[in-house]
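Two complexes come next, and they have one chain in common, subunit A, joined by subunit B in the first and subunit C in the second.
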Partner chain A sequence: MIWLDTVVQGVLLGGLYALFAAGLSLVFGIMRLVNLAHGDLIVASAFLILIVVETLGLNPFLAALVAAPALFALGWALQRFVLNRVLGKDILPPLLVTFGLSVALQNGMLELFSADSQRIAAGPLESASIDLGIVTVGTMPLLTFASAVLVIFLLNRLFYSTALGRAFRATSDDAVTASLMGINPKSVFAIATGLAMVIVTIAALYLGMRANFDPSVGPARLIYAFEAVIIGGLGSLWGTLIGGAIIGVAQTVGAQLNPEWQILAGHLAFLVVLILRPRGLFPRAVD
Partner chain B sequence: MLETRGLTASYGQFKALFGIDMTVAAGECVAIIGANGAGKTTLLRSITGVLRNGPEMILHRGDPIGALSADRVMQRGIAMVPEGRRLFPSLSVEENLLIGGQVRRGSGHWSLDEIYRLFPILRERRHSPGTALSGGQQQMVAIGRALMSNPELLLCDEISLGLAPVVIRDIYAALPTIRASGAAVVLVEQDISRALSVADRVYCLMEGRVTLSARASEITREAIHAAYFGEAA
Partner chain C sequence: MQVTVTTRTRSSSIAGYAAIALIVIGLALPAFASRSLIQDLFFILTMLTLAQLWNLIAGYGGMVSVGQQAFVGIGAYAMFAGVILWGMDPVPAILLGGVAGFLLAIPMAFFAFRLQGAYFAIGTWVIAEVTRLIIAQWKTLGGGTGTSLPREATSDIMGVEAIAQLFGLRDAAARDVLAYWLALLLAVGTMAAIYALLRSRTGLALAAVRDNDNAAQSVGVDARRVKWMVFLAAATMTGLVGALIYVQTARISPDAAFSVTTWTAYVIFIAVIGGIGRLEGPILGVLVFWGLQTAFSDYGSWYLLALGLIAIAVMLLAPRGLWGLIADRWGIALFPVQRRLILEGTRHG
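So, the complex of A and B:
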């Protein structure tokens, strides 16, 4: 029974990693851009939610709702005015720019918020749990996982059943031909990064409510997000969820064996999948 | 309706077009012929804004559009069937058609139903990935995709390239309907007799220059030969 419990906790933890990863996966899928500042943007968004909670006295979920449009606008502007200028055949310039952004964000947050660790208070929700009969799960992990499933479901609907999603896929296939359809690839990219920042807001909400965070924790979140995306197969959103779950389960099983093995087990699972399936579990047919 | 004035284009140091003067009137069908590497595709890429030029080098309804981006040019009603068809592999046949009319949906004859009436096979294959179709069917999708915006000018780059003669015949059979819908058509073709049979006027390009411009009905085999291969007529 203890193992069933461990696996369930791991899958639910995977929901958090999938939330970290979904925005990264979206942006990579559409414009082949790896945003090295993704983890730091999650942390910065957590600080923004914290500020809204503290200044307006809102519940964290409402605070995230308030922060989301501002963060959409930030993502849109970041793409429009910075990243679009460096996107091209050469993948190095955008990598360097996002690396620079990562360093700048960490230092900026250190200036503004100090190195103290923070937490978004979620009240009774923090310790609430639900008895599912065979296992008992925390309400917060369950909510995180449900949010991840919902985010990925909605992203898939957007991708495959809307005109915007069609424009995303067409631009990702062939930006020049998309422009012959009247689509402006640069504004499509800007909308995509704006959307990724909305997902980042949701990830930040759960990051901030579930654990302490400080300006330096972004890169570690980025690693989990990377691993989830790569295990799942680049560009596959459901794959990202499964990738997150695999890392989550590896971590909880590792921790069950020996508490010091938690992080290591996650990375080992990543390496094992990479050796067995170098292109991930659900690679795209065309790339 | 469309006019190029001393249009030049280059790829880095390499000059591909040296001052092209060309006009297309509303509803007209103009053929552009010329050997491989003559600059035909480059000319269409310049008109559509994939390659940027001086603003005044291309006029559309009197407005300078040479420096506009491709999406802005398309939104003015200039649609392109690109060389090699270039369907979107992630999109089904129907999605490929829909995306052609997604940003600009001019008023006019063309709708999904009308495209399927023009090319009935596409209705049967509408849920297949565009790239799973035969070359001829893909060409039909590429033409339908461009028509979905109800363009006033349709630019076609070598729509018969690599297709069997019967397939080419089927595709050309659609041209009268397309012209009847009111669109002007520019046909870039290597198949000269095919082009001459449908065009009102013909331009021949050689090494980035116009070497012949004539009414299709008045042109002679000798004149084409001279313009194509650069021999004295």
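So, the complex of A and C:
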């Protein structure tokens, strides 16, 4: 019984990791860009939501709605003015630029908000739970998982049923040929990164409501997110959700065995998958 | 017509003599330098060595590792294990750091070499994290909170007594001098070895593999062997540097010893700002890093924010780094590896 509970909690935790990963997966899938600042952008967004909650006295969900357009603009500008200039065959320049951004963001947040732990207050929702008969689950983890499923469902709809999605897929497969068909890859990339920042806003909302955060927690979120993307396979969004769930279950099972093994178990699960299936479980695109 | 191939230039000859002079001055420096200067130079030399090693695997070898902190940390912990568990003197225990770096690099390379590009970068980072989390379980070495070198060990390091008498210093200052000399030895040794490697056949093979793996193999380069060799060598040296840094610090914790920010991000910035893929780059880069740190140390972590932004600006505006700008402007190469054809009779330096 305790194991069933552990696995269910792990899958729900995986929902949070899938939210971290969805934005990364989108950007990585379309332009092969590894954004090493992704985790720090999530933390920075959580601080922004916190500021909106505290200054305007809004409900966190409304605050995220307020923050999202600003963060879309930030992502768009980041891609348009910085990252587009370093994309190319060589993976080193974009990697280094986002690494620079990561360190700059961490230290900027440290100066602005101090190293103290923060939390976005969500009222009674924080401790509410639902009895599902066999297991009892927290409302918040359930809501996180549902949001992850919804985000991935909507992203898939966008990818496969809209003109923008077609442009995303075409650019992902072959940017040069896509540009011959009248698509401007650079503006497609900018929209994609803006969209990724909207997903980051949702991830930040749950990160901030579920647990304490401080300026230093970004890199660990980035690693979980990346592990979920790689386990799932490049370009497969549902794969990313499954990847998140695998990391989540490995972590809760590891923690059940020994609380100190939680994070380690997640990483080991990732390494095992990578040894067995170097391209992930459900790869769609070819590198 | 007589034809010779050379890498020598006039500026490189001057640089050669200047380097020898600098090494001699560096060795004699503790006789008249202040303790804080010696400590600053220790910091500069160790960061320089780490940056040269990262530059070797990433800049020349094309293996963009974000997991170098694994080797710093495991090297430091191996040294601590030698001192605390087996009662070794800290200085010979530094060698254990090199051994540990080498041993960790074998599984890491086995795993990471299956991955390409960005996957390689993240893969090395994850392995470094796994190493950190495992080391944090090692209760006799302090577990997650860390530990210090025992007082008996630090008060009785071999050679410190002699240095203290030679320069008339206290023991603590004499320990800094010893650590500084070792750092100088490692920095000079590493740079000389990298320079020799780059001028050799293996160096050419390495650059060929970086530029085009398949093309290099088609002309008979054993790409796998070259990559393994360079990766293991860099890991061994990084382990030595990590052990040396923590002999001087004398206090260790998994979070500090395996810090991705300190041992990989800053190291990468040093290489990037100075210039990736050239020996002169990290030298210039470490001076910029140290200058920023010294000038803005009163303003908390703003200088680190500035460092990140400078790295971004350099990547955007001068991807070959500050030394790249200098080399383009004046054509100077202090450590040339480019082979040039000299026709006899037309030789002019």
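Here, the second predicted complex is superposed on the first by the 284 of 287 C-alpha atoms of A that agree within 3 Å, B and C clash if a C-alpha of one lies under 4 Å from a C-alpha of the other, contacts with A are read in each partner's own complex, and residues count from 1 in each chain.
Here, a residue touches a chain if its C-beta (ideal position, glycine included) is under 8 Å from a C-beta of that chain, and two chains touch if they have at least 3 such contacts.
In this text, all values refer to a predicted model and were calculated from it rather than measured experimentally.
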Q: Go through the superposed model and pick first if A:54 touches only subunit B, second if only subunit C, both, or neither.
A: neither
Q) Now for A:184: first (subunit B), second (subunit C), both, or neither, which partner does it touch? A) first
(Q) Counting residues of subunit A touched by each partner, does subunit B or subunit C come out ahead? (A) C
Q | Residues of subunit A that touch subunit C when the two form their complex | A | 28, 32, 34, 36, 82, 85-86, 91-93, 95-97, 99-108, 110-111, 219, 223, 226-227, 230, 260, 263-264, 267-268, 270-271, 274-275, 278, 287
Q | Complex contact set, residues of subunit C against subunit A | A | 58, 64, 66, 111, 114-119, 121-123, 125-127, 129-130, 133-134, 136-137, 144, 260-261, 265, 268-269, 272, 276, 300-302, 304-305, 307-312, 315-316, 319
Q: Enumerate the contact residues on subunit A facing subunit B in the complex.
A: 163, 166-167, 169-170, 172-174, 176-184, 286
Q. Mind pulling up the subunit B residues that touch subunit A in the complex?
A. 48-50, 69-71, 74-75, 79-80, 82, 86, 88-91, 95, 98-100, 102-104, 145, 149
